[in-house]
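Structures are listed in the sections that come next.
Paired with chain B in one complex and with chain C in the other, chain A is shared by the two complexes that follow.
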Partner chain A sequence: MSELKLQIKQLIVDALNLEDLRPEDIGDDQALFDDGLGLDSIDALELGVALRKKYLLKLDAGDASVRAAFRCVNTLAELVHARRTDSERTANE
Partner chain B sequence: MSKAAIIPTQLSIRVPVLNWAVWPHDASVPEGPAHGFELQYIDAMTRRRLSNLTRMALHVAGVCVGKTPRVRTVFASRHGELHRTVDMLTSLAHAEPLSPTAFGLSVHNASAGIFSIARRDRSSATALAAGEDTFGYALLEAHVQLRSDPAAPVLVVYADEPLPQVYAARSCAGDRPHALAVLLSHEAVRDLTLTANRSTEAPSGGMQSLAFLPWLAQGESGSWTGHRHTWRWH
Partner chain C sequence: MTVPSTTPFIAISKLFATPRAAGHPACVSREGTIGWAKLSSQVGAICTALSARLESRWLIAADDVLEFCASLLGALHAGKRAVIAPNLGEGTLRDLRSAYDASIGTAIPADIDPLTLAPIPWSARQLDPDAAALDLYTSGSSGVPKRVTKRLRQLEAEVQALETCWGAMLADATVISTVPHHHIYGLLFRLLWPLSAGRPFDPALYAEPSGLLHATATYGRIALISSPAHLSRLPELLALDALLPGVRCIFSSGAPLPAACAQQFRLAAGHAPVEVYGSTETGGIGWRQRSDDPHDDLWTPFPQIEFPGSGSEEPRLRSPYLEPGAEVRLDDEITLLADGRFRLGARLDRIAKVEGKRVSLPEMEDQLRRHPWVQDAAATVLSRSRDEVGAAVVLRPRGIDEAKRDRRVVIGALRDFLRAWQDPVAVPKRWRFVAALPLDTRGKLSAAAVRALFEAATAAALPPIRSQRPGPQRIEFELYLPGDLPCFDGHFPGLPVLPGVIQVDWAIRLARRHLGCSGRFRGIDNLRFQSVVVPERALNLLLETSADATRLSFRYTLGERKCSSGTILFRP
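And now, the complex of A and B:
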């Protein structure tokens, strides 16, 4: 799980071009939006696209549990862990 | 009316130039990693989303405009954000979701919009493309705007980069990433005289905007011929 969290942090930095930030600078429980990391609504969309591409997730923006999962890295990792459909998961099982 | 009749046989304008800026500073330096941009006037959250093309354009725009509080702008590019467009088309072809950032900033007036927002300047902004003659038409557009309101300066910003690989067959000889800005104002320090005639000779090849650089740097007169017009300047 900690490896998955680091992967997600790297994805956040890469997909959102957070040039001055290293993945390890993002706290597992740090809020991604508003007062936390300061990301905005376009970032949320961009991050959704990146997650869908990388983990072949099926995300529905109207799904309240998906919206709640975008709170921090911990919650995103849980979402990815529960829903990923890519080959990596198959290999792990 | 025949098509030829609507093209003026001779265009001649005099453009007062107050300031200018070019990127890269030294045209003889081969293209390398994009660096040396002065973009501090754009907030970091916006800046990180900008393409290389927009960074080049906004760098020369910011340097050229200096402390001038309000300017009308004419942002011009022959190819615009074609790299973003090709990336998005590639995503579509692979049935992948599109990047919202790429989508939002792929429009031809992306640089003009960011410039206006960053400077909190609601002066009129124009985004222009006119094929291989784009740079000349940008100067013409700015000239006309200055004529209509001589008191307010007009900033011309031009930026282009080589075509994406998929369009390599249509690429222009000697093309490289470059940007230039010219500030037109009646407080000018020098005048540019620009003429255009219907072309009767073979195209020069190469980018019109690059052909213009020696005038900016050293005041060298020059000319460039495309498929439609021959442009001369001194």
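And now, the complex of A and C:
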């Protein structure tokens, strides 16, 4: 799981082209938006696109649980972990 | 020098057709007085010479105001179009070569040298103010001079308005200027207005503040035509108390006069300079004279000025100084008040759309300046995969100390600070901490230079070059590596080392600049990194190239120690 979190942090830095931030600067539980990392609504869209691409996730932006998952790296990692397991299970069935 | 208080006001088109007393001073200087009769005969000589020529558009190439004045009026009286270049530099004249047919003046080797013409008495006719016209040029934001044609009637209307507003205040003052005569502001205020009003003007350009003290001593009362660049420095250079009793009125135009500077003059003289707002294209739009209320920033429009679309994003201007019926779009936000005065907002080209959100860059800069670490700031919008804001910031010493420890702390603090006003989308994502903001020669913030701070591949910014020794097909540099070069940032934390790829990049870029290696990059041979390059050191770089500039060998050394070397291959 910590491997996945680091991956997600790297993804945030790369996808959003964050100039003054390294992956290790992002706290697992640090809010990504508002007072935390200060990402904005456009960043949210781009991060969504990057996550869908990298982990082949199907994310519905209208889904409240998805929106909640964008709170911090921990919640994103849980989302990716859960959805990936879901899709693997689906593939096995 | 006393000018009779009954000096009649004469429109430029009637200037020589209406007799003024022959000895009435037109132009005064420490060398003496040029009377009205002499000016008139000079204009007559030029009119006669140009009337004999077929060319219709004449460049007025005069540095001297009196020569300029006689050539301009002579050309108009000869029925010619007067072309007034923004400057007489070679490059400017090359760009404008299709804009005029012939030239008169002594500032360049011109077709007619007015000094060789013998003054002749003439009987001047009245000019047709709708037919007589001048081509002026603005510097233009894109860098290409843009032509603005003014009929004499438009300029006469402006001069009439100036006399109505301030004629009584200036009375018999002599007009002194720190601004050139070939831009609209100087042309109107220091030349055409004094001519019409019969108020003598001094042709000198008063670049030295001490000259102003001489002027008040010589002429008694002066009116000063100046600019913020000059006025804001004046209090440091001379005692305002000594100057101001002899000054009837000060005019300032070209850029906003800092409020603090206006207050300094107000405290010393009892009244602040008159600031004039306008441009070559629009002519004068309005004026203000700051009161003791620091929040009083309202402008009074000149007579008959209208602002269709004020308050909108596309304010326009209707003015007696434009062609009849014409409207010009304004670059500034205008808020019209019930009493007819207006407030000037941000330049509309500084109001940006960031992902659909309207962002005022000047407001953001003001907000940044309120942070205790920030001395000055400039914001710009960068369009990459998305729109984002970049901020270039000049830090105060405390901010610099913080940034040296960890620039991310400073960035975080400034971003948090801005969030109190700004939508998250508008909060700058790119930050540059600079020693000074990039101002152009007129003291205006250069938008292109601010953007360049972000567009440059800053990680590869070249280091300062301490010395260079060129030779045939070779050049040696002594470079200095300051610790804050961006390429040391994060490479590696706590152990800054100059990345090898940067070393190669510098070698290629310096070779392209100095050794004519212009071919496309083809490959690298014999690349060796022998020892690490650390910051705060002088680094030597030797570049040698083959005769056809397709092979470039480079060698970096720190003193005796070899650091790296290799051969870069270019396509022919």
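As a convention for this text, the second predicted complex is superposed on the first by the 84 of 93 C-alpha atoms of A that agree within 3 Å, B and C clash if a C-alpha of one lies under 4 Å from a C-alpha of the other, contacts with A are read in each partner's own complex, and residues count from 1 in each chain.
Convention: a contact is a pair of C-beta atoms (placed from the backbone, for glycine too) under 8 Å apart; a residue touches a chain by one contact, two chains touch by 3 or more.
If you're wondering where the values come from, they're calculated on a predicted model, not measured in any experiment.
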{"item": "First (chain B), second (chain C), both or neither touched by A:F33", "value": "second"}
{"item": "Which of chain B and chain C A:D25 touches, first, second, both or neither", "value": "second"}
{"item": "Partner chain in contact with A:I42 - chain B first, chain C second, else both or neither", "value": "both"}
{"item": "Contacts of A:L4 with chain B and chain C, given as first, second, both or neither", "value": "neither"}
{"item": "Touched partner set for A:R52, first chain B, second chain C, both or neither", "value": "first"}
{"item": "Contacts of A:N17 with chain B and chain C, given as first, second, both or neither", "value": "both"}
{"item": "Overlap of chain C and chain B interfaces on chain A (superposed complexes)", "value": "17-20, 38, 40, 42, 46"}
{"item": "Chain A residues touching chain B - in the complex, by the definition given at the top", "value": "16-20, 38, 40, 42, 45-46, 48-49, 52-53"}
{"item": "Interfacial residue positions of chain B with respect to chain A in the complex", "value": "44-45, 48-49, 96-101, 104"}
{"item": "Contact footprint of chain A on chain C as seen in their complex", "value": "355, 384-386, 407-408, 411, 415-416, 419, 423-425, 427, 429-431, 490"}
{"item": "Residues of chain A that touch chain C when the two form their complex", "value": "17-22, 25, 33-35, 38-42, 46"}
